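By written order: A, B, C and D. Residues from 1 in each chain.
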Amino acid sequence: MTMMTIAEALREGIREEMLRDPRVFCLGEDIGIPGGFGGAFTVTLGLSDQFGHERILDTPISETGIAGVAIGAAMAGLRPIADVQYGDFLFCMMDQLANQAAKMTYMSGGTVSVPMVMRAPVGSTRRGTQHAQSLEAFFTHVPGLKVVAPSTAYDAKGLLKAAVRDDNPVLIFEHKLLYGSKGPRSEKGALSPIGEVPSTDYVVPLGEGIIRRIGTDVTIIGKLTTVYMAMGAAEKLAQEGISAEVIDPRTLVPLDKELILNSVRKTGRLVVVEEDNKTGGWAGDIAATVAEEAFWYLDAPIKRVSAPDTPPPFAPVMEAYYLPSVDKIIAATKSLF
Amino acid sequence: MTMMTIAEALREGIREEMLRDPRVFCLGEDIGIPGGFGGAFTVTLGLSDQFGHERILDTPISETGIAGVAIGAAMAGLRPIADVQYGDFLFCMMDQLANQAAKMTYMSGGTVSVPMVMRAPVGSTRRGTQHAQSLEAFFTHVPGLKVVAPSTAYDAKGLLKAAVRDDNPVLIFEHKLLYGSKGPRSEKGALSPIGEVPSTDYVVPLGEGIIRRIGTDVTIIGKLTTVYMAMGAAEKLAQEGISAEVIDPRTLVPLDKELILNSVRKTGRLVVVEEDNKTGGWAGDIAATVAEEAFWYLDAPIKRVSAPDTPPPFAPVMEAYYLPSVDKIIAATKSLF
Amino acid sequence: MSEVTFEQKINMYSRMLTIRRFEERCNVLFMQGRIPSTLHLYIGQEAVAVGVCAHLRPTDYVLSTHRPHGHAIAKGVALRDIMAELMAKVTGVSKGKAGSMHVGDIRVGMPPAIGIVGANTPIACGMALAQKRQGRDDVTVSFFGDGAINEGAVHEALNMASIWNLPVVFVCENNLYGASTPFGQVSKLENVADRAKAYGIPGVVADGSDVLAVHAAAGKAIARARRGKGPTLLECKTYRLCGHSRSDPLTYRSKEEETIWREKEPIGRLAQDMKAHGAVTDADLEHIEQEVEATVDEAVAYADASPYPLPEDALRHVFYE
Amino acid sequence: MSEVTFEQKINMYSRMLTIRRFEERCNVLFMQGRIPSTLHLYIGQEAVAVGVCAHLRPTDYVLSTHRPHGHAIAKGVALRDIMAELMAKVTGVSKGKAGSMHVGDIRVGMPPAIGIVGANTPIACGMALAQKRQGRDDVTVSFFGDGAINEGAVHEALNMASIWNLPVVFVCENNLYGASTPFGQVSKLENVADRAKAYGIPGVVADGSDVLAVHAAAGKAIARARRGKGPTLLECKTYRLCGHSRSDPLTYRSKEEETIWREKEPIGRLAQDMKAHGAVTDADLEHIEQEVEATVDEAVAYADASPYPLPEDALRHVFYE
């Protein structure tokens, strides 16, 4: 067991998988340049020294190309871990991910596999409209893609390793404020999810959510940073006599639906929290699932605590207004009682 | 009044707007080639004879370029109507639509407008995975874009004209089976929404839904082809004593939320029908909104009749299984009683 | 490049004829409603697929487009598996899930064809990268059209192939039109091949109606790639003698132009060449014709006799099992 | 091209110095935490923005990137409006909604800068298309970096500008690195300008550390565009004397390389030139320095005194009002 940040845990996960399996390699912009950044958020820092530039492959700024190369390499027997500097740039490779990677196995009648990983940092960190979006909902809506969103260092390493070993395209959404990147690449306002990470080989299987806090009166679901906000809210709510169960699905596709439904069947109330825009967000999909499959257990409306339908604003005062928070979760939860 | 197909109604709408406003022009692949198709589904057929090739501008196969040119032209004072041959190719221009068009006004603090229209055919017509998707949900989730989905010839013309006159980027999703395109470009299995279309100038304002059938026991919401399925189901349900109200939102963003909420407040039951994949679909977002804002009026779970989470299959037997249908709507509705 | 042997010529002839007859049959079946959806035929362009693929092994890869039948047949995908797919049967190469635009069989080195114009090129780079890393002297061929050259994806792919010296051959089939749009209207350069200059890689133009010319040019490019010398952009000037898709009335092209190209048509041309060299007689050709017809008949019979998928098969193979 | 007048030189000098001092101040404010987020400085590249924009009118357009301060100042966006934006104030040119990466002011012909590498180029084509249709003899300039040239969007844009003869000038600022990645590692060609050959348009290389060289080359390209002769790809070889973004330790570049370029640095170079011609004295330059400092002070004071937006202002301007 070592204490690690998420950036470190991801790096260890990549290192272990690369040592375990010579087919694994990384590609992306600025990931392996000597003296460089190790990717936008230091995740691959130092790996090119250990593995060389063939296996930590620096690419041109060509997102479509990066995704396409990852897809092709995966189809031909390698296990690429591709990297995009900000999740927002996934839109530049959307055709490759949504039309090609996601559909290749289906189009081949199940004979071709695309075992690739695409890592993408998301979340608002004062960089404004084009460097702050949450992209999860776009990809959970594409059949054929798996989607994970780790909120702890333990999960980050375990999910990454599971993703690398999966025979399907897996997107890993990592939140910028959770990396715990150090030195010049550290982030203002970052949470510090430093946690214990086994140095033994383990995976967190795709599709298993986790109850972060047991409760009886209301279920609060968060992902990435909003897990921490939900935990904060649950603590304060406890002081007011409301016992909140906090769920972190960890994997968005495949979703651990039963974990969520069982919790709601028990608590009768649901609040879903995410940083993404409300309309069309992932939170709405969870709400719809519960309204369809656990309706008779509900004692109150299903609340979403999401960002409003605006691009991520730059100014910190507006950004704070835009983002979910402990207080907003508390207010939403209390409105159900 | 003339009887028109949707393809004709769109063509007339474009023609009228081009005559009214010299800033309006069309661009896209194969839209104006002499002797050519008039776009993939004949909508612009003949317009280059009338307006010339400067205003019916044939482009290279460069979707990013097409979207970017439309955005730039709109910012600089023109009113482009751009065209993509199949909605699936919107993924190729996703960055331009989601990161640029949608955010330009916001990024400029409200000083720049992007009055462009992007037309995109959607829906499954036996062409398989990459030519059959429904793209609406991806774009309703992008703040800054307006999204319309006409199901009748009257609405198609009226919404198109409203879109051209709007100062924001508007996506028009047109269903291939609704065009009623004739001759060599006609579609197998097409519905025939030929309808009366005024030859006078009118618009269907963005954001106004419509009740297609009044009912008291259940609200069924459809869009594009599923409006027709909902109507068919409502008729059969009536024979069994269930009175269904059918709503066609026509515009998805901005959404006529009150129309929907009021209907559900009256009927107490909701079925949302769409051709898109269930997880992350638009139907889920409607369900979530109702579960949040009209929960106390609900007498039953909210049902979605959507496609399963698979790419659109090619073989007609599988496609039929994949698509919603009158029977599926009836079954879902009855399960609520 | 060694001379093309008589046997090779016969093989190429027979392969081209197979594509032609197969597709003519497709067209009939489509008209009869037995092939659903749409159909992009390759008629007239057979020399390109055949001339290129004659150099390939099963461990080489071919990536194709919305117009893939010719590439598939040339790469060795079984006729019956293709036909069953087109007819939406469960015995189809993709179990009826994909249809005409996505024909391919990974067992012979051809993944599903990609219907998004230009999108196969970066994927080709990835496959070539894997071949290189694995120490194979295999190559990847990416086929695409003149229209595709203006897609951003192709640019990114050409550059990546160039800087990483990947064993990939980009074969642009310039059939003068992207759907209805003349190439001259969407490019200032006359030759697609000249775009290679932007990437510092060889750009070569070949007569795409002459299978021997294609064979020679492709042979060089492929050998170069196998030797680790990197990618080539090979442009084959060709012409589709059929419509772009389903019932295209072809009113955007002139009859004169069509006539010129009909005369250059590759199958007759190779027949002429072989006959002129006294290598074959009309009887020999007739014999090949009959063999080809028989294989096409067999494919149709197989597809016809095959069952449709079960409706709920739609749910399978979203993920790799 | 007519000779550059003394007055023009002084103007360009003063403009370059304004950019430099403004950004040095930005850096201090960033370190102090008074500018949130990240910051891509233009220090060292000033000659490009200034040499190009000296030719432009308010009705010409400039499109910029994640590194836009220099372009904005050169195009005439008010310093105080930029500074207020960087400091997230409601008086900022985008009301605090956008920040450093999206600086621009449409009132002077510069829409918000675009932070997606390469993405401004097709938009530039659209703006140029509008200028052409409207019968204006205005031009659009798209600035982007060496890293951007490998984006698909740029390829599509260059081709469209070429076939439609659009009045757009593509100015590639080749500062040798895309973030930490050396250009030589992502391109087989030494010059970005040579990529122009793929589109049949002129490709020109200029010394981007010499504002007079940039001015001359840009003048030709812009005049050509105004005359309806179409686009040019103008590559300016330059160097950023600062980090890529916020606290970049610059450990991927050699000190020797930095020293070479520091000696070529454009502001001192123009000063040398003017002094050598006896056109200015040190006292004159000192006077300019003081003026520039004063305008920067004023901008900071203005921004400092300005209020922050209201939190709920976040909800406005999603749509055009």
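Note that in this section a contact is a pair of C-beta atoms (placed from the backbone, for glycine too) under 8 Å apart; a residue touches a chain by one contact, two chains touch by 3 or more.
All values reported here derive from a predicted model rather than from experimental measurement.
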{"item": "Shared chain contacts [chain A and chain B, defined touch]", "value": "C, D"}
{"item": "Chain located farthest away, centre of chain A as origin (C-alpha)", "value": "C"}
{"item": "For chain B paired with chain C, centre-to-centre distance based on mean C-alpha positions, whole Å", "value": "35"}
{"item": "Inter-centroid spacing, chain C versus chain A (mean Cα positions, whole Å)", "value": "40"}
{"item": "Rounded Å distance between chain C and chain D, as computed from the means of their C-alpha atoms", "value": "46"}
{"item": "Shared interface positions of chain B, touching two or more other chains", "value": "59-60, 62, 64-65, 88-89, 92, 95, 99, 106-107, 128-130, 143-144, 309-311, 313"}
{"item": "For chain C, residues that touch 2 or more chains besides their own", "value": "94, 96-98, 102, 114, 116, 119, 150-153, 156, 159, 163, 185-187, 318"}
{"item": "Overall pattern in which the protein chains touch one another (line/ring/star/complete/other)", "value": "complete"}
{"item": "Residue ranges of chain C in contact with chain A within the complex", "value": "61, 92-98, 102, 104-107, 111-112, 114, 116, 119, 121-131, 133-134, 140, 152-153, 156-157, 159-160, 163, 316-321"}
{"item": "Complex contact set, residues of chain C against chain D", "value": "150-156, 159, 162-163, 185-189, 194-195, 197-201"}
{"item": "Touch list for chain B against partner chain C, complex", "value": "29-30, 33-37, 58-65, 88-89, 92, 125-131, 184, 188, 308-311, 313-322"}
{"item": "Parts of chain C lying in touch with chain B, wherever the complex brings them together", "value": "33, 36-38, 88-90, 94, 96-99, 101-102, 114-119, 147-148, 150-153, 178-182, 185-187, 246-249, 251-253, 308-315, 318"}
{"item": "Complex contacts: residues of chain B adjacent to chain D", "value": "25, 54, 59-60, 62, 64-78, 80, 95-96, 99-100, 104-115, 143-144, 146, 167-168"}
